[in-house]
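In what comes next, subunit A is part of two complexes: it sits with subunit B in the first one and with subunit C in the second one.
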Partner chain A sequence: MQIQWPLFFWIFRPLRLLTLISSSLATAYVLLHDKPLEFFLDMNAVVFVISHSFLISLLLGQVRSESFAFLYSQGFSRDLLWRHVWLATLASVLATWVPCAVLILTPLRSHFQDWMLNPWFPLMAPTESRFLTRSLLFYGMLLPLFHYEWIRSSMPFRGRVSGHLLVIAYFVCGLFLTERLWSFSVDLARTSMFLGFIAISAILGLFGYWLHKRLEIGA
Partner chain B sequence: MMVEIFFLAAIVILPIYLTTKAWRWSASTSKINGKTPWSISIVEASTLAILTSVMVIHVASGGTGLITTPLQDFIIRERIMVCAIMIAVAGCWILLGIWKSISLASVGMIISIWMATIFVSSTPAYERFEKEIRQIPVPINFTIQEQIDDIDVIINGVRMGKATLHTTIEELEAKVPPITLSQDEYSKGWKNFGNSTYLPRAKIRLDRANEVTIRTHQKESEPMELYVQLERHGQPVMISGNTGHSGPSRMFGNIQPATIPLSVMTEEWHRDTTTLLEKARLADYRVDTDWISAADTYFRFVRNALIAAIPKEPPFRHVLTDWAKSRYHLDQVTDVESAWRALQAIQAQVDKDGAYQTNSITGDAVEYLIERLDSDRVIAIAKTKLKRLSTISAGGFGYGWGSEFGEPCFSTSFQTPQTDRKPSDFVLAHVIWRLDQKWNAQSNDQDNPVEREIVPELIKLSYLDPQAMKMATVLGGSTLNEFNRRQERQVYSFKESNDPMKNEYIEGQFVSRDFWQSLNAVGPAGAKFRKEHSYQALELAEQFLSKSFSLTSLPNWTDFLFLEVEGREPLARNFWKSFRTKVEGDKNHRPWALGVLWTYLARIRPMPPASDFVAAFPKQSPSYGDFGNPETTISLLPVDLRLRVTQDCIAEAAKGKSIHQPNSEPYGAFNQIEFQLIRYIPSIPSDAAADVAMQYLEKTNPRSPDVSNQLKNQGTYGQLTSQMMARLATSSNPEHRRWVIPQIKILPDSTNRDTLARLLTDEDSSIRDAAEKVAGDLEELRRLPYPKLK
Partner chain C sequence: MTESNTVMETVDLTRDFGGKVVLEDVSLTVGSGEILALLGPNGVGKSTLMKLISGLLMPSRGEAKLWGESCWPPSVEMYRVACILDGMSPPSGTRVREIMSLKSCVSPRFDWKLATSLCEQHQISTASRWRTLSKGQKRWTLLVAAIASGADLLVLDEPVDGLDVATRLELYGLLREQSNDRGVTSIIASHIIADVERIADDVVILANGRVRLHSPLEQLRDEVFEVELPLETDDSVISPMAEVISSRRASDALIAVIRFRSLHLAEQEFPGEISRRRVSLEDLYLAYTQPQQPQAPAEQQGLANERSL
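Right after this comes the complex of A and B.
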C-alpha cells in the first residue's frame, strides 16, 4: 500500500490536539499509576480507550464540514481515503500507545515505581505487557464500531438514529457484562462471549468499508 | 448447559452466517438510493438481536452471568419463554427507535430488561414454582467413611440396601416408619474402641428440605428422626457416636443432597487393627509387604490408628513411610529420574482422588522423595505453573497448624474440577515447602532457590489472589521482606476499607488486608511493622478476643502475636493478661481453658519460664475436669518443661481445694488433682521424670505413703517410657518388677524386650513366670498370621 503523506497529514490534522493530549495523559498515567496495570480491572484505562476511540471517529467523521467536502472532491479514490482514514486513526492510537509501551517494556515505569518504593515493583513489571496487548485489542474492537457509526449516519438512508443504536446496544451490553466476563466459571462462555464481541466489530468494520465506498458528499 | 451452549453458538455462528449472506447481497448492490439496503438492515438487526440476546441470557440466568448452577427443567422452560418474549419486546423497541425516538426506545429497553430481571430472579420467581420444587426428590446418601464394602443399611428397622446407600427424602418418608427411642434405648450396647465411643445405631435428625425460599423457610416441618443400624454378613456393625452430616436443601430450586458419613467399627476389626499395630511394634516399627497388604484391607482403620499413635510413639512414623514406599513402589527409586517418575505417579493418584494432604500416606511418600528429587527441576516446573495461573485458590485449600503430627500442613480438596489447577499442583507445593525448610535449616543467610524463584511469583499472584500471599508468607525470603517493608509505608490502619477488595474477613469482622498481611509478615519487615504498629495490633487483638465465644483451642488469628517484633518481645507477652482473663472467664469451656493457655504460652519465643505455666494452673479447682485430660494438656508443653511444670503444679494443687480431700480413696495422701498429675510423671520421656516417679513409687517422697499401689493399679492408664520401665525392672521392690511386665507387653520394642529378657532370669520365681508368660504371648503374637478383612 502506498502512503500519500500529504493526504495522511491532511486527514490527521483534526487529530493533532487530541493525540497530543491523549498521549500526554496516557504517558503520565502509565508512569505514575501506583497499582499494577491490569486493563479490564482498571476502569480508568477502559474509559480512556473508549473516549479516545470515540473522539477519533468523531473528529474524522465531520462529514458536514468544509474540509471534509474539500477532501472528498479532490479525486482521491474512496479506497485510498478509507485507507488513510485508518492510517490517521492508527497514528493517533500508536502515538498514545507506543510511549506507554516504551515505558512499560523498557521498563522505565517499573524503575520509576521501584524508585518510589512501590511494593509491587519491579515484581509485577513482566505482567504488564498484557495491559498493552489488551488495550490495543480494545482499540481494535471499538474503532470499527465508531467508524461505522459516522459513516452510517452520513448515508442518505440514515434515518433518525442510524448507527447510534448499535453503538448504544454494544456498550450497554459490554458494560453490563464486563464485570461478569472474568468471573464466569465456564471458560467456553468467557471465550465465546469475547469472540462474539470481536465478531461484531469485525462485521461492522467490513460493512463500514462497504458503506464508505457509497458515501455521498454534499458540498 | 444445553441452553448455554445453544445461545453461545448463536452468538458466534449467527453473525458469521448473516455476514456471509449480507456480503453476497451487497456485492450485487452497486447503487444506494434513499432506502436502506437489505444487507445493512440484516447486519444491523442481527447485531442488535445478538446483543439483546446476550443481555437477555444474562437476565434470564438470574443476573449471575451464564448458568453456573444446574436449574430445574421448569425454571429453564420459563426462562426460555422470557428470553423469547424479551427478544420480541426488544425488537419492538428497536423498531420504535429506528422510526420514532431513540430516547424512548432506550428507556423502554432498560425498563423491559429490569422487569425481566425482577421476574426471573426474585424470591417470588421461585415461589411460583414452590409446588414443583417441593416435588423434586432430594438425594440422601449414606456412606461408610472407612470404605468397607458389603454393609447393609437398616433405617428404623427397615432394610434399605447396601452402603453406599443412595435414597431420597421421599423414599425414606414412604418406607421408613417414624420411631422414637429414649436415650437409654438408643445408646444401649455402646462400646469404647480406643478413645472413641461406638453405638449399635446412629441417630440422625434429617431436615425434610421443604423450604424453597427464605420466606417459606418458616413453614418448614419437623425433621425426620432416623435410627441407622449397619450389618455386615449378618453381624452388627457399630457406628461412631460423632456422626455429622450436611443438610439437604431445595432452596431456590437448587437441590443440595445430604451426605451422611458413618464411621464404623466392630470388636473384630478393632482387635485386628490393634494386632497389626502390636506386630509392627514387635518388628521395631519396620513392616514387610505382608503386613502392608494386610493393613491395606483395613486401610482407613490402620491409618487412623497409626496417626493417633504417632504423638505417643513417634517411631510409628517409620511404618507410615514403609507403607508409602510400598504403595508407590519407592524402593525402585534409585536416581533423580526414577524419583521424578515416582512423583508423577503420586500426582496422577492425587488427581484421581481429587484431594491431597501432607499428613497422609501419600504425603509421606512425597516426604520420602524430597531428598531424592532434582530440586532445580521441581522449582522450574512450579515456577512455570505459577506463571500460567491467575489464582492458586482451589475448591478447598487450607494451610495451618493443628495436624496430627503437631506441625503445619497443607490440605486440599477439589469439589469441582478446575481447568488450570489440579490437586497434584499441591504435591509440588509440598515439595517446594519442604525444600525451603531444608535449605533454611542449612543456612538462612541468603535467599534459597525457592525464595528467589517461587516467592516472587506468589507475590505477583497475590495482587489478584490473597491466598497466594499466605503461601508466600510461609516461605519467606528477602523479596517478601522488601515487599512487606514497602507495603508497610502504605498501611495506616486496620480499619475496614471502603473497597471490598482490600478487606479480609477475620473473626467476624472486616479488616484492612494490607494491614493484616503486614501484621502477619515474617522476617525483618514484619518485625518492624509489628513494632511500629504494636498499639493497633493489640487493639485489633482485643477486638478479635471480644468476639471469640468458644475458646476450646488457640484461635488462628493469634498467629501474629507470636511472631518476632523488632527489638522487643512478641506481642503475645503484652496480650497475655487480656487473653488469660478472657479464657479463665469462659465458664462454659473450663475443661479446655488450661490447654488453651498452655498452648498460648508454649508458642511464645523465647519460651516463658515454668513459673508462667504454673501460674496459669487453676489454683482453686473443684475437680481435675477443670483442666481436661492431664495427659493431653501436659503433652502440649515442651518436653523439657513438662517435669518441672508438672512438679510445680502438683505443689500448687496441694494448696488448693478438691472435692476429693487427701486420704480419701483412691487418692492416698494426695487430693485428686495432685494424684492425676503424679500419675502422668511416668509417661514423661526423660530420665529425670523416671527418677521422680521412682521416688513416689519407692515411698522416698515423704508425702507418698500410698501412691505406689495406686500407681500400680493405674498402670495401664498412661504408657510408661522405656526409661521408666528400665528403672522398674531393676528396682529392688519385686512389686515394681512385676508391674513392668504387662507394660512390656503393651510396648514390646527392642529396648523393652531386652528388659523382659532380664526379667526372665529374675530371682523371684513368680516374676520369672509372669515374664515367661509375656514372652510366650509375644512369641505367639509373632507367629500369628497378619489379620485381613474378610
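Right after this comes the complex of A and C.
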C-alpha cells in the first residue's frame, strides 16, 4: 500500500492531542498500576479502550466540517482516503500502546514494581503480555463499529441515527452476554460470543467502507 | 464539438434535498479548453451543480460525466479536476506549504515553481498559517494550488471572492493562458458579470434550478439586442425571427430584449423601423432572471404570448 505522507499527516492532525493524552495516560497507568494487568477484568483499561476508540472515530468522522470537505474536494480517491483514515487510526492506537508494550515486555514495569516492593512482581510479569494482545483485540472489535457509526450518521438518507442505535444495541448485548457467560464459565460459549462480536465488527467495517465510497460531501 | 473533445457532460441532471428540487434536468456540454461561466441568482443551484460535477454529491436523477466517465460514484481520475468550492477550507492551523503538499501528492503534474512564485508575488509565504492570511490571500492560495496542480478541469465557485481588481485580472490572464497553452477547461460560477464577460467563452444562466440559457458569448453579442418595435407589433410577427427574452411597453413603443433567430428576416419585416442597441451581459442576465414586472390588464393582453415565445 502506497502511503501519501502529506495526506496521512493531514488526516492525523485532529488526532494529535488525543494521541498525546491517551499515550501519556496509558503509559502512566501501565507503569504505576500495582496489580497484575488483566484486560477484561480491569474495568479502567476497558473504559479507556472504549473511550479512545470512540474519540478516534468521532474526530475522524467529522466529514461535515469545512476542513474534511476541503480534503475530499482535493481529488483523492475514496479508497485512498479510507485507507489513510485507518492508517491514522492505527497510528493513534500504536502511539498509545507501543510505549506500554515496551514497559511490559522489556520488562521495565516489572522492575519498577519490584523496586516499589510490590509482592506480585516479578512473579506475575510473564502473564501480562496477554493484556496487550487483548486490548488490541478489543480495539479491533470496536473501531470498525465506531467508524461505521460516524460514517452512517453523515449519510444524507433517512435512518442516519440507526448507526448510533446499533452501537447502543451492540454494547447492551455485549454487557448482558458477558455478565451471563462469565458467571457460568462456559469456555465454548465465551469463545463463540467473541467470534460473534468479531464477525459483527468485520461486517460493519465492510459496510463502513461501502458507505464511505458513497458519502456525500457538502450536502 | 466532437465527442472526444467533450470534457464535461450532464444529461437531465437533477438533485433534490429532502424533496426540494434544487437542480432540474440540467443538460450541458463543455469542450476542452473552454471557459464556461455559470450565472444565476443565489440559491439557484450553481454550487450544487459544481459539487455534482466534482463527484461530491450524488444526482437524484440523470448523470454528470467527465471525459465520458460517470462522476458518481467517482470513477474518473479526480486529480485531473481541481475544485474550489463554497464552504470548504483547510483547518486554521494549516500552513500554505501543507496545502501545496497535499495537492502535489494527488497531482503528479503539480508545478512547485509556479506555485511558489505566484504566492510570493502576493506576499504569501509558504510558511504562513491559514488563519493569518487575509480573505483575498486565502482565495489566492487556493487558486494557486488549483492552477499549479496541472489539472485539466478547474471547477471554481466564486473564485474572485475577496480579490482586488488587479488580482482578478491576473487570475483571468492565468486562466486564459492555461486554456490556450494546455487546453485546460474552466467552469466558473460568479456574480461579477462584467468579469465574466471579459473571460468566458460560453455562458450558462440558471434560473429556478433550470438552464435558461447556454450559448457562446460571442454568439450572444451578435444576436441579442434591445429593440424598440412599433407599439402594435403582434407576437406572431416576432416569433419566426426572434425569441423575446423580456419586454415592456413604453408610451410609444414596445421595448424588448430579444434574441434574433434571423436578423435578415427582421430587417425585411421592419425596414428602417427597428431601433436596436447591443445589450450587456448584465442586462441579458437581468432579463433572464428577474421576474417580469406586473402589467396593467391592457398591457398583459398584448404581451401574454411573448413570454411563451
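The rule we apply is simple: the second predicted complex is superposed on the first by the 209 of 219 C-alpha atoms of A that agree within 3 Å, B and C clash if a C-alpha of one lies under 4 Å from a C-alpha of the other, contacts with A are read in each partner's own complex, and residues count from 1 in each chain.
Simple rule for what comes next: a contact is a pair of C-beta atoms (placed from the backbone, for glycine too) under 8 Å apart; a residue touches a chain by one contact, two chains touch by 3 or more.
This one's a predicted model, so the numbers in the text were calculated from it and none came from an experiment.
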| item | value |
| --- | --- |
| Room on subunit A for both subunit B and subunit C (clash or fit) | fit |
| Touched partner set for A:196, first subunit B, second subunit C, both or neither | first |
| Touching partner for A:214 - first (subunit B), second (subunit C), both, neither | both |
| Arrangement angle, subunit B at one end, subunit C at the other, subunit A at the vertex (C-alpha, nearest 10°) | 160 |
| First, second, both or neither for A:204, with subunit B first and subunit C second | first |
| Dominant contact partner of subunit A by residue count, subunit C or subunit B | B |
| Which of subunit B and subunit C A:74 touches, first, second, both or neither | second |
| Contacts of A:127 with subunit B and subunit C, given as first, second, both or neither | first |
| First (subunit B), second (subunit C), both or neither touched by A:66 | second |
| Three-chain overlay, closest Cα atoms of subunit B and subunit C, distance in Å | 6 |
| Intersection of the subunit A residues that touch subunit B with those that touch subunit C | 156, 214, 216 |
| Footprint of subunit A on subunit B - complex, ascending | 4-5, 8-9, 11-12, 15-16, 19, 22-23, 26, 31-37, 39-40, 43-44, 47-48, 50-52, 54-55, 58, 65-66, 68, 94, 97-102, 105-106, 109, 419, 456, 459-460, 463-464, 479, 482-487, 489-490 |
| Touching residues on subunit A, where the partner in the complex is subunit B | 36, 38, 41, 117-120, 123-124, 127, 152, 155-157, 159-161, 163-166, 168-170, 172-173, 176-177, 180, 183-189, 192-193, 195-196, 199-200, 203-204, 206-207, 210-211, 214, 216 |
| Complex contacts: residues of subunit A adjacent to subunit C | 4-7, 9-10, 13-14, 66-67, 69-78, 156, 213-214, 216-219 |
| Contacting residues of subunit C [partner subunit A, same complex] | 17, 51, 54, 56-58, 73-74, 78-83, 85-91, 93-94, 98, 101-107, 149, 151 |
